[in-house]
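Shared between the two complexes below is chain A, which has chain B as its partner in the first and chain C in the second.
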Partner chain A sequence: MSDHAPARSPQDLDDSIAGGIGESPTRPDGALKVRGEYAYASDLWAEDMLWGATLRSPHPYARIRSIDIGPALATPGVYAVLTHSDVPGENLYGLKIVDQPVLAVDVVRYRGEAVALVAADHPETARRAMERIEVDYEVLEPITDPELAAHDTTLPELHPGGNVVRHQPIVKGDPEASADVVVSGLYTLGMQDQAFLGPEAGLAVPAPDGGVDLYLATQDLHSDRKQTAQALGLPPEKVRMTMSGVGGAFGGREDLSIQVHCSMLALHTGKPVKMVYDREESFHGHVHRHPAKMYYEHGATRDGDLVYVRATLYFDGGAYASKTPVVVGNGTTLGIGPYAVPNVRIEGWGLYTNNPPCGAMRGLGAVQPALAYEAQMDKLADALGMDPVEVRIRNALSQGGTTPTGQVLDYPAPVAELLDRVRRLPLPAEHDSAPADIRDLPGGASNTTHGEGVVRGIGYGVCIKNICYAEGADDYSTARVRLQIIGGEPLAVVHTAAAEVGQGLVTVQQQIARTELGVERVNIHPNDTDVGPAGSSSASRQTYVTGGAVRNACEAVRDVLLQRVAARSGESIGDLSLSGGKVVSSATGVLADLADVIGDDVIEETREYHHRETYPLDEELGTSERAQVQHAFSAHRAVVDVDTELGLVKVVQLDCSQDVGKAMNPEAVIGQIQGGSAQGLGLAVMEEIRVDGGTIRNASFTDYLIPTILDMPPMNIDVIERADPNSPYGVRGVGEPPTISSTPAVVAAIRAATGKALTHTPVAPEHIIADIPR
Partner chain B sequence: MIPFDYQRADRADGAVAAVGVRPAAAFLGGGTNLVDHLKLGVAEPELLVDVTRLPFDGIDTLPDGGVRVGATVRNSDLAAEAIVRQRYPVLSQALLSGASGQLRNLATTGGNLLQRTRCPYFQDVTTPCNKREPGQGCSARGGYTRYHAILGASEHCVATHPSDMAVALTALDATVHVTGPNGQRDIPVTELHRLPGDEPHRDTVLEHGDLITAVDLPELPMAARSRYRKVRDRASYAFALVSVAAALDVEDGTVREARIALGGVAHKPWRANTAEQALRGAPATEQSFREAAEAELAEAQPVRDNAFKVPMARNTLVATLRDLAGEEAR
Partner chain C sequence: MDFLRPTSWRDALEAKAHHPDATPIAGGTDVMVEINFDHRRPTSLLDLTGIDELASWSEHGGKLRIGAGLPYTRLIDELGDRLPGLAIAARTVGSPQIRNRGTLGGNLASASPAGDGHPPLLASGAEVEVESVRGTRLLPVEEFFTGVKRHALASDELISAVHIAPATGAQQFSKIGTRNAMVIAVCTFAIALHPERQRVGTGLGSAAPTPLRAIEAEEFLSGELADSGQWDSPRPLDDSVVRQFGDLVARAASPIDDVRSTADYRTHALGVMARRTLGWVWDEYRNHPSSTGRPECA
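And then the complex of A and B:
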């Protein structure tokens, strides 16, 4: 952070931490957030700042003939109007494939693509100036069907090299195997939004060294810095980033939004520039979850043993690649679910179209196939006359089992146990006995039914998700831990670049430092690029990798301290430990206060944590000794009531069993499972970005619906801890699995209640009330 | 948003004069719809005359037994009024099913009647729309039409009226009091809103400068047992896919009188005259209700994405009538 930090960038987090690992101390940001005092990126302020705005394409696909900025620039109060020719460095960025222009040059590939920037003395001045930028478009016919984009060679190529971002086959055993019982289906999933509440925002401050200090909300400071520096034509050290308050992320902040734009305007005008998207712009300004079309065929013996799974998956990546390659990787490698299957053939396609770009969202690439493979397992159970849970348990993957890529799981995989546990959780009461509270019925207080036409159904879903980066990425995080005496008390300062996006990472870091160093005050230093990379708060990975890095740095600090005391006392270092602010010997008891050992010193150590190496997939067969470092599993049971006359659904209860390896903070684990389940419920019954002709038709929270507290039922949550011997403290990623297994469970319950096939998710009234072809 | 002037009116005649003389002037009530449209560029008034301080915030019993609701009465207050809850429960229920608590605290009675459609093409100024700009063409036809009309649409417009309150008022045969540049007049609420025809830019029969001052609810004993049912995609804070406002008067198992309006199906709150006619004198049975509903919907013309609204409207209407008849029987 620079010496002249803008107003509302420090957060003033509480540095007293009341519990160590395995306890549930209060969050240091919790009281601030519930009191409305936590500063989000949209609260950033500098006295002499300008406001930036982005002109976006109104067309999904068009050629740009010309751009006239003259009238806009002449607007009083306007300081800058910039186009592609003003991009100082490389006018391309991207997380995996560098294919997206900072500002469009001669073509726009999606509705909402950035074309020009304005800086002005007031946001309204900037907006009016944008209306005076004259862009002459030649409108082209957009490509909107990803399956066509994969196979129709007559379509225009949206990018050099064609419209296929990634094509990945996975083959195991005999890809042509046959079986006695065969079920097949075609399943589709709509586009889901991350629906974070805090819109994209940041404040760029030009620095005297020709660089820029950017304060912003993001998931990954160093990834942003790398891409931004490249586009600005600056060395990375001249692009310094500091985290501001993040109002939710869920993957939607992995790609760049305001970063380069805001910095360009600040560098160009020499003034601080703030950008904040409004809600509509936010819908156009971040990626969404990939819609998918999935063809599945399962073959089994008459006893219910899976013989083969064959599938073809199409993921609509939209106009730019973003995380599409990873979605294809995850979607294919996890495409059969948490089951042991001897013969597999999966083909995954990630495509360019002129639809809105799709990228990271909680459950990345694993959400889509889960809807298909779990529907297939129910179909198979039905064909076999078996119980749906029994079929799943019979085929469940377990420790020592092999994935379709040939990876042997050398850690617990309690899939069968989770299924068995979730079905044993208590069920809700039936409605029959007493008149129901209308709020518990489909439609709720809308007064649509008093119980007539209402049918109950129960459904199950279980999933597999890889944790951390995969397929050969060097996945690591960095932590700097400093121990010193402040006011006579030891204070640890933990400095990482790891983003607190609401998941509770700040608390977990405090807990680790408290446990490892035996101190009760742990300050979380603001996240910035002065410390090494932490990677993204995604892939359920931060407690694993940043937790590991904080642990390593704490151990290094502790080693320094203990060596010092061992040398002074003559005790063996192996007998020493830190507890309650004191150095304790197992042989002779308390040896010294930390305050006396440290004095005026500052003990500071920086360490990285790298997880075990992973390896790429074979391009033809998808094989890999270890494609993914860890897998996580959760199982849901949904109980729904469906008003079959009106097609309305009330999820009555949603229960979950999940293996978390080690619950670092049990209350936070419950919170993650509740939140993930709510997001999965939303996808099951209401969340869909309506894209028509390449354009979003519901870019607001009035029209894009997410569940409210009235839609979210009570949950029974059953957390088990089967430690992963390879991970710090045995942790297993928590955040994503409940988002994945909840959706198929809810959809299965609606199928059970209605007998409808329900091949599209989210399920809407029209799918239940009448057979409207989709 | 374009720059605009703002005035706060303290007299109705002054407000009417101020708006009447400027073609690009508009009244501002609670602002829950107009302010959105200002931001989206859908509405570009040069002058806003704030009418929320006019003395139209009363709810009064009339000598003839009806109730007069002032135009600036907030939706929350109207829904909570004891006389409304007792004598016109359909209105209270309709209000409470609309929007959110925060929006209902702002929204006014007059403003609610004048809400404009949530058709996504109307709200997106980059797409053609006959309602926004006559003659441009209708982008919804052939586009995303899940929320659109199944009754009374025209080739020029297939939008729906979004209000819940107006559906209840339509079933109740309310009367709208208007004062305008040419004096005062009363308009039956059933005639306030228009079908799109070839003038889809006109939502209502009001002329520029006309100000709604009050809404009268007629004395209607059968309305004491009235219902509003709203079918929507989540349990709160969502617009209606289909809604039904209904009151039923049944004696000895025979329907004497029915009042029915449908929401979410047309450019205006849809008074179900055909169904009412079919029910009068008919036995109060599931079969009569179904026949009446089907008669009302016989002319329905769904577009690409809303065929489901026909069975949904039918089933909602039947369920509402069944509910009301069952209550009568008790």
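And then the complex of A and C:
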């Protein structure tokens, strides 16, 4: 590491927390964050550093005729101006499909695509120099309709091979089955943003060995390193990455942003280079949730048993593939929801267009269909004259049930139980006269109603989400655990590359080590690439896989200790355990103090955890013995007040029942459910990136609205623990499901209050006023 | 970028005369956003927060004189009882942090069609006091706005204060936003009863290139109320009057489609807000003909 290395971000948290598995110790970074003292990646700083800036395409689709960097380079204070010809390695990267240039060559495929880089001694200098780069564009007609991109062969091909990123059919039973009661609908979803508060940022420091040390905020250090090394033409070991403070992620930090750009500038100038996006650039500089257009038809018996589901889903992937293949995989395999249906035909399309690239976001690919299948279940209940919860319970998937891909669920799937529990949670009081505080009414502080036009509605949503990577990916994490005696006391240090993105992984890792090693003091080593991969903090997977890896490494350390003591004491290793910093025998009691057993040694073990193998989908039928390793379920009930004359909504209460397998940290679980539900509520009533002709019209938090405390109501949260026998500690991913089932519940409640069809989400006031009745 | 920080009003006017291109900055809640977005790159900033008198208010000859630099929080706390319409509007501005910093002077000079301070000023017939080293002018607030984000200030002028009469009758303000707090208006409506003049005042925001009054609606309603002797012996209003008032307010608007909403929705919502707020102020007037309109929430 170079002597330029900046102060570590406070990821190396010396405060050891209290509590083991199943307790709720407070986060080690909590106080710092609340006090505003936590250092995020945007706070990184090095002596003598330069500032990097990225010139981006102003056009959604254009040919680049020429780029003139001369005037920019001549600007005083400018150290480098780089274009595609300066990319040292391969000028292409991508998470699943390597299709995105580090810097555009002869074509730009979206508004915001990176075209050139500047390094200067001041951010303002860099900005001004950027304006002096002269790019001659030949503007082309953008492709903006994904459905057309799927079928219109006269459109230009945005990438070699055409505009289809992935097409996946799923067929189960009789795809042409018929039924007595049929409901159908077309549903659309707008583009949601992760809306993390900490913008993309990093500091690249050139190293004496010709490599680079990059400090950054990301979700997956090793994925970044692999792609960055490739683009820099360096062996991976010369690209060393260290996690800095992450200000939220939600999927938006899975793709590269500053990584290659910042490193290129540092290697080129021989100086540390810092890059930080401002908010507007951030909106252009990361992927969003795929907008979707979804055609659905459900057939059922007159008793309410589902006979078939047929659906076609179009996901707009935008200009580059990013996670589009996975979105199509999840969207189709989970496309009928947590229901048992004998006959299924689903077709999913992920498309290239000239819209902003879309990729990972919490609930990946499962959020979109949930809006359609849950609207359909309500429609079906309506057509049958049945209670919406009853219809769902009647058709609920359960353990031993089969998914549309033919996978038999060999773990609990308490869908019916969750629905039943959520409907039994207490309801808010009806208000007979206008409440005293307008902030409790639709419009809130804006004083639009004193009760006029307000109608209450209740709606339900339930969902299914796959946990961890799927479809044959070797999904694993690595942990290194070191135990030594410091100041007479045992101290365990847990070292992984797993990103703490706010979910509480730093806490859970310490809890596991404390419990497994029976020690009080556990520190978390800063995340870096000196240890093996952990995979991404996505797919609700880190407590599962990194939790499993930390457990395995702790067990290995424990084995070393116990073997020593067994050899010394002659006791059988099976009788020994670690507790309270001592080795204890079930036969003879305390045998030794850890301090004596370890002495001056450092006991260090590194272990991986791989979950059960999964298998790809059949390309024609979508069948797979095990496409996904685990599924998680949650159910929401929303109570809303709608001002039916103005179309304004107040979500009065949002309740959730969720199965988490095992609550490793019960309060953190509640936090995930609250946060996920808020994000889902946002999608239901306000969060949409408005894209017009390929251009984002609201690239700021002025007009991309996310819920405030007045929008997010109190929640009743009911957590159940039905252990998955296949996962470490029985855990089941927690983070994503509440984001998925909350949105359809809120939309259903608005439909119940207004009687309107509301087929587009988010629901805007003008939809409620203008829309057709159901 | 130069940073000028006068500590007296006189010095501020001198500075503005010497640096006509200097950008005044009060709370900075608009200026800083514009600089961040690179929408403007001021050569110099003229900081007005060092001038105590600008952040004060006083009462002269039955009128309130509100310093241009008085933050919303103080306006609400100190003048909310006498200016209930303006206080309701001020409560809808941003968040507590923004209300601690943001000022009416800044709101006026930004001259955004969506400025929430403007409609209540229109409904109350307020005047804007502007000043330069050359002297002082008093402009009726509707003459202050000349276009989208354009106003009547000369390059050497600063806003010194707003003159407004304390409420003599009920006042209301209503704002549509797609979130329940901290939101830029989709459209707004303000209404003020002036029993002593037997007049009704209105103000519309985000309804046209500039904030505006619905003059026909004012004339109609003032006429209806006077003709039927309602000011002296108020009775419940006829539905047809309320509806007509709402229609006339909606008709006064010439809104646009933009990223926040549609023209149709805005027109519709203005009508609804006009009917509802009229109902509220009239109920209050009937119940307490002499009191002012008190806001509903603390």
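What we mean here is this: the second predicted complex is superposed on the first by the 755 of 774 C-alpha atoms of A that agree within 3 Å, B and C clash if a C-alpha of one lies under 4 Å from a C-alpha of the other, contacts with A are read in each partner's own complex, and residues count from 1 in each chain.
Note that contacts are C-beta pairs under 8 Å (C-beta built on N, C-alpha and C of every residue); 3 or more make two chains touch, one makes a residue touch a chain.
Given the structure is predicted, the values throughout are model-derived calculations rather than measurements.
Visitor: If chain A is used to align the two complexes, do chain B and chain C fit next to each other or clash?
Guide: With chain A aligned, chain B runs into chain C, so clash.
Visitor: Output check: A:T153 vs chain B and chain C. Expected answer is one of first, second, both, neither. What do you get?
Guide: neither
Visitor: Once the structures are superposed on A, label A:S66 by its partner contacts, choosing first (chain B), second (chain C), both or neither.
Guide: Neither partner.
Visitor: Would you sort A:G693 into first (chain B), second (chain C), both or neither based on which partner it touches?
Guide: The first partner, chain B, only.
Visitor: Who does A:I438 touch here: chain B (first), chain C (second), both, or neither?
Guide: Second partner only.
Visitor: I'd like to know which partner A:S85 touches here: chain B for first, chain C for second, both or neither.
Guide: neither
Visitor: Look at A:T449 in the shared chain and tell me whether it touches chain B only, chain C only, both, or neither; answer first, second, both or neither.
Guide: both
Visitor: Have a look at where A:E645 lands relative to chain B and chain C in the superposition and call it first, second, both or neither.
Guide: After superposing on A, A:E645 lies in contact with both chain B and chain C.
Visitor: Chain A residues touched by both chain B and chain C?
Guide: Residues 127, 278, 280, 439, 443-450, 452-453, 645-648, 650, 686, 690, 697-698, 702-703, 705, 707-708, 710-711, 764-766, 769-770, which sit in both footprints.
Visitor: Which residues of chain A touch chain C in their complex?
Guide: So the residues of chain A touching chain C come out as 127, 278-280, 436-439, 442-450, 452-453, 645-648, 650, 685-686, 690, 697-698, 700, 702-703, 705, 707-711, 764-766, 769-770.
Visitor: Along chain C, where are the residues that touch chain A in the complex?
Guide: 33, 36-38, 88, 91-92, 95, 172-184, 186, 259-262, 264-265, 268-269, 272-273, 276, 279-280, 295-298
Visitor: Considering the complex alone, what residue numbers of chain B touch chain A?
Guide: 1, 39-40, 93, 96-97, 118, 120, 124, 126-127, 143-144, 146, 227-239, 241, 307-308, 311-312, 315-316, 318-319, 322-323
Visitor: Using the touch definition up top, name the residues of chain A that touch chain B in the complex.
Guide: 58, 124, 127, 278, 280, 439, 443-450, 452-453, 645-648, 650, 686, 690, 692-693, 695, 697-698, 702-703, 705, 707-708, 710-711, 764-766, 769-770, 772
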